[in-house]
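The structures come next, written out as structure tokens.
In the two assemblies presented below, subunit A is common to both, partnered first by subunit B and then by subunit C.
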Partner chain A sequence: MPATITERVRVIAADLFHLAPERITEQSSPELIEAWDSVQHLNLILALESEFKLQFEPEEIDLMKTIGDVSALVTAKVGHRR
Partner chain B sequence: MIRFVPFTADWIEATRAFNCRVAATGFEFPLQPAEGSYLAVDGDTVRGAYMLRRQGFHFHGDEAGVAHFRLPLSEGAVNRAYRSVGVQLLRHAMRQYPMLYALGMGGMSNPLPRLLAAAGWRLAEVPFFFKVVRPFRFLRGMDYLRQKRPRRLAMDLAAFSGVGRAGVRLIQPAVRGALGVECIEQFGAWADELWRSCRGSYACIAERDTKTLNKQYAETKYLRLKVANLGWTVALDTQMRGDANFGDLRVAAIADTLAAPGAAGDVIRAATAYLERRAVDLIVSNQMHVAWREALRGAGFRPGPSNFVFAASKPLASRFNDSGQAHINRGDGDGPIHL
Partner chain C sequence: MKDAGRKPVPLREQIDRLIAAGSYQAAVCDLADFWRSDPGPAGAAFVNSRFEQMRDKLPLDPWRVAILRSFTVEPLAPLLRAEAFLAGIELAVHVGEFNAWAQELLDPTGAVYRFAPDAVILAVHDCEPGQMRACLDVLRRHSSAHVILHTREAAVVPRRGILDAQIEVSEWAAQQKANAGLRALAREYRGVYVLDYDALAARHGRQGWHDERKWLTARMPISAAHLPDMVREWMRFIHPLAGKVAKAVVVDLDNTLWGGAIGEDGMAGIQLGSEYPGAAYQAVQRALLDFHERGILLAVCSKNNEVDAMEALERHPGMLLKPGHFAALRINWEEKPPNLLEIAAELNISANALAFVDDNPVERRQVRMQLPEVTVVELPQNPMDYAQALRDCPVFERLTLSAEDMQRGRYYADERERRRLEQRTGSLEEFYRSLQQEVEITPMNAMTLGRAAQLTQKTNQFNLTTRRYSEQEMAAISRSPCYRVYVLRVKDRFADNGLVGVAILQCGGEAWEIDTFLISCRVVGRTVETAFLSGLTGQARQAGARKLEGWFLPTAKNAPSKDFYPRHHFQLVETIDKGSRWALDLAIPVACPPWIRLNYAGNHH
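Then we have the complex of A and B:
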């Protein structure tokens, strides 16, 4: 069974922040993950754009407050593309 | 939610408040609204700002529009809640001008170069060169090198014993037999001819025609030096006062240059000889192109650590393969503002 978008986002984030995937939850945020600084935020965006073949607008980046927000945004953009 | 607006007079007070909140960064955004200035705002509050300045660049003679990504400031630098603003500024700028560059930035390890590197920009330090003209004053006054007591003592010993002078004269001899220079008030038609004749020799070079030069170097502090019909340099001769690096030294900077790469040696030797005659303590220059670096070495300059970084976005970097063939120096970007 293919991984869901949320699962794929969690794996990408875990890899980027050097954490086990189970430690990445929908509530995970920069306040809870020390390594999530502005450079890693950009790396997360680039990794998501590469994985899901999409591009975020500057204004959308502001919506990515938590991993749950990120997943919701990716889901919406992928759904919109379909 | 963050949105982007052009910086207009309506936003001056909000920008002033933003500057206060990011004061710890040591930077502030200019409060004069100007074309190409953008704000990242959240409601009525400014959370980030940057400027774009369009410039004509030539790539082996082919012209293309490039923009200088200037003074990006994000509240994320002082408040993690706004960590995404820096990325948004960069994305917004890229959307307007894919061919972007940034310059200076204080060294590779600072936040902005790290962010640009993560975004896939090509970064290179613009090599720094220096030449000591008055060894005694350099050894006694170069505060950057005198921070630790043992070195300070060694430099004092070298200064008072004469060893320092002998050593400097050995490795950085004064230029002899250089061409003469003409100190000019303005650039004339000859500068346009020079620009047209040599721009195709460089893989990447910003516009240096007469109009651009006379605008950029209008102030009297600039020494505009014409070297025969071969080329020109723009230099500065600055008496420092309590500078963190240069103390009270009199420092000259060969800030900007133009000649065909094959004439770089003659132009640098002529400018160096002229500045040596002015009895400055030290001459410095940042030059990216290999011909200008070799010219500086040939005139007795030695390399030093550089904190002057040139960063090119992916679309810009794709226009030239080798940074060493790009003509980048302190004349680019905002121009020679510090020396």
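Then we have the complex of A and C:
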């Protein structure tokens, strides 16, 4: 059974921020996660782009304030592609 | 390569279970599989965190890389560390300030020099050779770090468009000229190597290599999909520089060197030739032949009837490789791990200098688990992709090639002949005499420096102190008035063995000290070490020395040189934790064995 988009986003964030996947919630944000700095934000973008084979526009990257935002954006972009 | 439907969590959990249970080797195997399935930023973070948990339990070699750059490289650093971990290297990475590479190189008190890197990667895509020369001058004066220099890249589309191809003073010509300048520059300095970034981007397709969005927003020119390719290219340099190379590649036969099974399909049935499907296997053989010419030994390990397999090796018209290309053959029904250990012993190299190529994933897994020190080449599903997988494997890369390297395969064939003779010859002395050995000792010079440094890097067994020197360090030693560096050449009735020994003597006053004394395993057991010592003591005595001292520093591998000092009548001075110290009164000459002709050529300095 393939994992859902939300679960895959959570696993990526957990790896990058060195946290257990349970610790990553919809509300997780750079303010709440110490490791989520500008370099890790770029890493997150690159990881999502290679995992989901998509590309973000700079304006979209600015909108990614929480993991919930990220999942919603990825879901929308992947859905749009289909 | 990536499967969107993969289930990442179970493999992660399994790895964590293995680490918790102390099954570190199995965890490393699974981490390698995991990394192959997810070689991006998230995968790298996972791999790195797990290796950090196991760092004390694994034999990792520390190494340091400084990346100086004209673009954003931060996302590449964790990927590089993950690749290095899986190669057995714990890599410390220093990333220079954005676009400050020139200032950083020009300041010998700055952060780069304080970091003391083993290698400096110059990921700079807009410099002129003249500017680079000024920087390399300073670097070479203050550091012996290796340098990996990126070439400049051609534009995806030239600014003048198709007009550029029509005119003489074109953007393309300017880029070619700058790169020719960088290559020439690299050849002028020791330890400066060129990474053809232009060819790298071209190989993967310029258009897809680039990501204009990341370039314009974050000064990151490489697309997410190609970050692993950039890192793998760096690893092709780090492997030979850090000594993580295979000296021999052991190959399976059925479905690896040819299609089908010789025992089942027979000479007429196996697939091997210039037409498909046999062409795929000829491509594998061509890649192996290229390795052979690079000085990498070839060996066979195959579960087969020896008679069937040898008939194919000797007589199949499609074979590019002949029995003479192989330094060792193990064709039997034994398990592969013990056969691999036997091959390593026969070739006089340690198992961590072996690479193993086999189409069967079960055999590969068995070797990965039982002999973790052996490099196992993971072959793709399709035989048409095998040759490329071999050529992509970084343990076969070399940054320099000596005349000895190119001849190495033949030396081993000669050695097999020599051993046959040894069995026929009665007494040991008779055997030594029959070899008709000629030994030549000369001071090291610019021509022999590269090979001498290489020998200090690679020689493990007959090596009294196992001190490793890079070419840059060797050059510095040879310039110092406090040292004399000698090299040894050995010829015999079969072949010119080339440069096979190095000695570094610290001189001055009445007591000289042996800093380094080593003999390549190719000529060990033939008394040339006594001839070498005889020549060296003669030189030292002539220069006024009364005493020759030296350390024996034991390692896991240098037992063959353990009795060198007592055998040559050195007196034990002291024994401490790191080893034992010996001294020889030079009043008594060391005799050269009567069966060796000793020549000394050239003056020092």
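Quick note on the criterion: the second predicted complex is superposed on the first by the 82 of 82 C-alpha atoms of A that agree within 3 Å, B and C clash if a C-alpha of one lies under 4 Å from a C-alpha of the other, contacts with A are read in each partner's own complex, and residues count from 1 in each chain.
Criterion: contacts are C-beta pairs under 8 Å (C-beta built on N, C-alpha and C of every residue); 3 or more make two chains touch, one makes a residue touch a chain.
Note that the coordinates shown come from a computational prediction; the quantities given were computed from them, not determined experimentally.
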| item | value |
| --- | --- |
| Overlay on subunit A: subunit C relative to subunit B, clash or fit | clash |
| Subunit B versus subunit C as contact partner of A:43, first or second or both or neither | both |
| Partner chain in contact with A:15 - subunit B first, subunit C second, else both or neither | second |
| Subunit B versus subunit C as contact partner of A:57, first or second or both or neither | both |
| Winner by number of subunit A residues touched, once subunit B and subunit C are compared | C |
| Partner chain(s) touched by A:30 [first = subunit B, second = subunit C, both, neither] | first |
| Segment of subunit B that clashes with subunit C, given the candidates 199-207, 217-225 or 271-279 | 199-207 |
| Doubly contacted residues of subunit A, that is, touched by subunit B and again by subunit C | 39, 42-43, 45-46, 56-58, 61 |
| Of subunit A, residues touching subunit B in the complex | 30-31, 36-39, 41-43, 45-46, 56-59, 61-64 |
| Residues of subunit B defined as touching subunit A within the complex | 1-4, 74, 76, 80-81, 83-92, 95, 111, 114-115, 118-120 |
| Residue ranges of subunit C touching subunit A (in the complex, touch as defined) | 2, 4-9, 12, 38, 40-43, 45-46, 49, 72, 74-75, 78, 211, 213-214, 216-218, 220, 223-225, 227 |
| Subunit C partner contacts - residues on subunit A that touch it in the complex | 1-3, 8, 11-12, 15-16, 18, 21, 39, 42-47, 49-53, 55-58, 61 |
